[in-house]
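Pasting the structures in now, so scroll down.
In the two complexes below, chain A is the common chain; its partner is chain B in one and chain C in the other.
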Partner chain A sequence: MSFAPRPAVQPWARVNTGRRIQILLASIVPILLTAAVILVTGLDRNVALMGVFLPLQLIAASAVGFRAFGRRGVGDAALIVFVVFFATFVLVLLASVVFSLVSQGAQAMSWGFFTQNNRYVSNTTSLEYGGVGHAIIGTLLVVGLTTVVTVPLGIAMAIYLTQSQSKTKGIIRTLTQAISGLPSVVAGLFILSIAITLDWQKSGFLGSMALLPLMLPTIARVAEEALRLVPVDLRYAALALGAPNYRAFFQVILPAAKSGLVTAILLGVARIIGETAPLILTVPINNGTSWNLFSGEIMTLPAYVYNYLGSAFVPSQNRAWGGALVLMILVAILFGATRILSRSKSLKSKPTKEKASK
Partner chain B sequence: MSESSVTKPAPVRRKLSAGPLSTGDKWFFRTTSIAANFAFVLVAFILIFLFIQALPALTSQGLPFVYGTEWNNQQDPIVMQIGPMIWGSLLIGAIGVVFATPLAVSLAYLIVFMLPSRLAKVATTLVDLLAALPSVIIGLWGLFVFSPVASEWGAILNKYLGWVPIFQVKSADNGFGGSPFIAGWIVAIMIVPIITSITREVFSQLDRDLINGALALGGSRFSTFRRVIFPTSAGAVVGGVLLGLGRALGETVAIFYVLQITFNINWGQILEPNGGAVASMILSKFGEATQEEVSGLIAAGLVLFILTLGINFIASIIVNRAQPWRKN
Partner chain C sequence: MNSLAKASTLSSENISVWFGQRQVLSDVNLVFPANKVTALIGPSGCGKSTFIRTLNRMHELIPGAGLAGSVYLDGKDIYAEDFDAVSVRIKIGMVFQKPNPFPTMTIRDNILSGLRLSGRKIENGDEVVETSLRRASIWNEVKDRLNDQAISLSGGQQQRLCIARSLAMNPQVLLMDEPCSALDPGSTRRIEETIQELSSSMTIVIVTHNMQQAQRVSDQTAFFLADDNTPGGVVEFGATEQIFNGPIDQRTNDYVNGHFG
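Let's turn to the complex of A and B:
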């Protein structure tokens, strides 16, 4: 190594075109080499991925990093390789779930699958007959009842956590967080033990109650965040004008936080719509359509999937995939709605902030 | 100014009060505080009712309920012990956390420090989507799609790293399906989003000046991560990991489909098709349970609840302490 003065390069401009080509090469060559190794030696793909691709990629990236930044570049390269590798891994898993759902579930999709019930369906009946109509109705009823009960409760909780001056707020927030980790099977057992103690019959209503502790923390937390986003000056201004707290809330804060609260409700519904264990413990299932939540059997989508999943017969397994796809579509609709809402909220929030600062 | 005004009595001093003044306000705060205190009531009710129904099983089984290794409903005094299930839950949770933590921290790092903001939003949405997947769907996918692949991984691990005790199996003929290794992966997939979201929040709240300062002093990406980002956010990440562990212990349906549940304790041969999980065991036994067994299952649920509540409580305290900007 000579001590000749280095050319006056700009250190921040080291990622130039030449470097870009090197980075590109470092990303492509290991993939090609790994593919070649698999083709030539017939090595197992998983072994090749971990034993050939990852080391090669590390070496290639480190070499480029070393050429660009010296020794400091090596650590950077390793960090980037691992981060991208792990993140891609999660992405691949997610893609695999969605892809297999869509490809397997598509076999079952037809208009009849959405509208018919399974009254005359046996394990081997072909997919042209029967469907998830009764399960969709049951899910909407059970989840709807939970929503009607939980939403006022959760939002009132969020109001308490944001508007009052009470000292127990910290404890209640921690407790709510702790409830959010309540195992779903325990929620089911809780309602089951109430039912046994009070000698109630299993019904859709019990299922709704079992979903309540699972939905409540989500709504309370998201609604609290939404209320917190409203500038506190707005509330103080309303109070200074002589409004009592409740009018300040209903006339000033509520309109400003409306879309956030709707998001809270949608996320709460998305959280419980796929819950399976509590419903299996508390709701008896059937194959016919039922509109009665308070007595008798009622089918729900998660229970439908659960019911056909364990079957050894291919048509029943396909029913499970179909039911899961319908469930996923419902979740995706809820999820998409929250995204659209949050986008429109961020567009609207700018003018209100300006107004508030004026 | 006339003299009469001097003799006029001074106006009564208004009472200063921090509490609600109008009736409407009183009701407003009363209603919301009742709703908020419902959190206490809920936890208390869960404990009380589970305890009432678990009592017959707890009194008949005694302390061995928690550490014994047999479940037999054919014997006359019925034997119900869930030792292998508790251990199995902890083992699967530990495996899940070990797999999920690097994945989640990498994702969070990628989202906050590497991706341009538009791509970061897309990545965040994808992670949220992963969180929104119902566990029955993960179970379905785990049973038909993931288990065969993960059994291959298990076979490879056993072939090349079989000399490590935890990768040993009694006999490779049993196949590598139904192992805690696979259940751990399933759990890892389900807890990656929660660890990611907490880590991401901490990363994005880090003082940018601190990071820019480290870079200006000649730090590289790697040294900045090791010396600045990691030490300041480690606490919250640990909290997030604990929250994930609590989730993992309570995971029911997804594990139910991919795990071979047996009442032989599996101390750590994670590739052996032999494992346990409290929540999944409850589900698997519930279908044909007798009245006595239902009481035993509720007792198992009580144990699970206390376990997860403890972990979640500690986790939320750590997370809250590590995120001072969320206070008030």
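Let's turn to the complex of A and C:
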């Protein structure tokens, strides 16, 4: 057998000019017709989008599909229209949230905004002064403490739910899922009531404890899925080699589920990092930098945003937007860093293709 | 390499197995003499794999499993209270139907995984790795890539790696549950050669659906059968030569000649 030059065009990718034009028309005509309807009748744009454009687009696409492939073409075309339409819809929603956050928060952005605290800032102080440095520190501390406490708990729960054959598993799983529907303000009130009963002062520590029940179900459930995905073959292989259960778990199952467990932790952090209500109830805020989680005031980013959002003064409103943007950037950095860290490890473990083909 | 452990005689006495309330095996009495290869044959669903898993206490890992009878390793009941499952499995190794190397480990680490998993100290790791891989006749193929991931190997190589992984534990008995069912003829032949060589140092029990394979590798053969709605059991047990060429039971005769099953 000899090598042949690669053909220029893949047979399945040949361009059918006639159909291309049909698809182009089917995409443009509904838009133009909808625009015409809006201009003539003065119909509300949002109503027209759903009530006029979507049906027209469906009809046009179905017609093209029917001409090309008959009845099965109609199904394909309808699916494509629905998927593209609603995916675009959601993307636009998401993009507009990000856009408003970036455009409003951009005014506050400067190096100082990330590093300074708000100690000498009043409602009318220019944005050049003050920042969210103290809130970043507070958020990292509060969320960090919650994570340190919750991750072992959540993963232990996931281990119990996947590895044990106990009969109470079902109840525990149901309860965990029920907790995931707990309103965050209730978690805050619960911790607050404990603090009042025991006569404890409000502190960052209480905030961490209020975030715990919110983070736990997320980590437990995602980690459970990750552990469940590890083939039972591997566990059997380890046990058949004479491994006690705990070694089989720590040396074989846990490494195999690592990237899933990292995802579980990330989703858990994402779940709580923007939580506002529990922190407002349990953590006293201030404008200076504090590293002490266990007594006194400490600022967090969600509380910072909440604190300034309702202000009647423009600089304060800008600070709120800036704080929200910083929160988003913080999450993006956390996620990016963790992804890169866990990817570089898994890359190493991928099969080396060149050697494998020898 | 430490001196090889002596092969052991394994025997089952009145082994019956239940899953939930359903009995799937009834009164299996077999003897696996030291240094002999025993093939377990029979149609799917007759309990061969279930039986082989009772021999190194892997059976009890399945939820709802039940067992009656005893398994003796050199006269000691492996289900006795003073004999725990972990030490049974260290002495009696197992190779599964589907190759299952540890995907997060390199070839080298896979071989040493048994020692690590059972909490032993690894003193002469390189030697253990080379000896085990040589015994599974895969050394020449992987000696230059011991630090590659195990899943980069082909299916047949993975299975021989799994055999090598079991051999690193230096077992007295090796159980093989259809080790070649997912492999091509070339890999199958190499594994059969490996089995022949290994039988000088250990007792081997192999489940197989391949009649020719049973004839090629085994000294004695047990034919399992489960009639409709009855638990499975051994129909006939004897020298391989006799089972294939002059079976006493008509059903054995039909099966080995391909008339049913």
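The working rule: the second predicted complex is superposed on the first by the 255 of 358 C-alpha atoms of A that agree within 3 Å, B and C clash if a C-alpha of one lies under 4 Å from a C-alpha of the other, contacts with A are read in each partner's own complex, and residues count from 1 in each chain.
In this text, contacts are C-beta pairs under 8 Å (C-beta built on N, C-alpha and C of every residue); 3 or more make two chains touch, one makes a residue touch a chain.
Bear in mind the structure is a predicted one, so any value in this text is a computation, not a measurement.
When the shared chain is aligned, no partner comes close enough to touch A:Thr17: not chain B, not chain C. Of the two partner chains placed around the shared chain by superposition, chain C is the only one that A:Val252 touches, whereas chain B remains out of contact. Between chain B and chain C, more residues of chain A are touched by B. In the overlay built on the shared chain, the residue A:Ser126 is in contact with neither chain B nor chain C.
Within the superposed three-chain model, A:Thr176 lies in touch with chain B and out of touch with chain C [touch as defined at top]. In the overlay built on the shared chain, the residue A:Asp233 is in contact with chain C alone; chain B does not reach it.
In the superposition on chain A, contact is made by A:Gly242 with chain C only, not with chain B. Residue contacts after overlaying the shared chain place A:Leu327 against chain B, while chain C stays out of touching range.
By the touch criterion stated above, A:Leu79 is placed in contact with chain B alone, chain C being left untouched. On chain A, the surface touched by chain B in one complex and the surface touched by chain C in the other have residues 165, 244, 247 in common.
The residues of chain C lying in touch with chain A in their complex are 56, 58, 61, 63, 86-87, 89-90, 93-94, 96, 98, 100-105, 113-114, 116-119, 145, 148-149, 151-153, 162, 165-166, 169.
Contacts from chain B toward chain A in the complex involve residues 18, 20-22, 24-25, 27-29, 31-40, 42-43, 45-46, 49-50, 52-54, 102-103, 106-107, 109-110, 114, 123, 125-130, 132-141, 143-146, 152-153, 156, 160, 189, 192, 220-223, 225, 243, 246-247, 249-253, 257, 279, 282-283, 286, 294, 297-298, 301, 304-305, 308-309, 311-313, 315-317, 319-320. Every residue of chain A that touches chain B in the complex is listed here, in rising order: 44, 46-47, 69, 72-73, 75-76, 78-80, 82-87, 89-91, 93-94, 96-97, 100-101, 104, 152-153, 156-157, 159-161, 163-166, 168-169, 172-186, 189-190, 192-194, 196-197, 213, 216, 244-247, 249, 270-271, 273-277, 280-281, 302, 305-306, 309, 317, 320-321, 324, 327-328, 331, 334-335, 339.
By the touch criterion given at the top, residues 165, 231, 233-234, 236-244, 247-248, 251-252, 255-256, 258, 349-353, 355-356 of chain A touch chain C in their complex.
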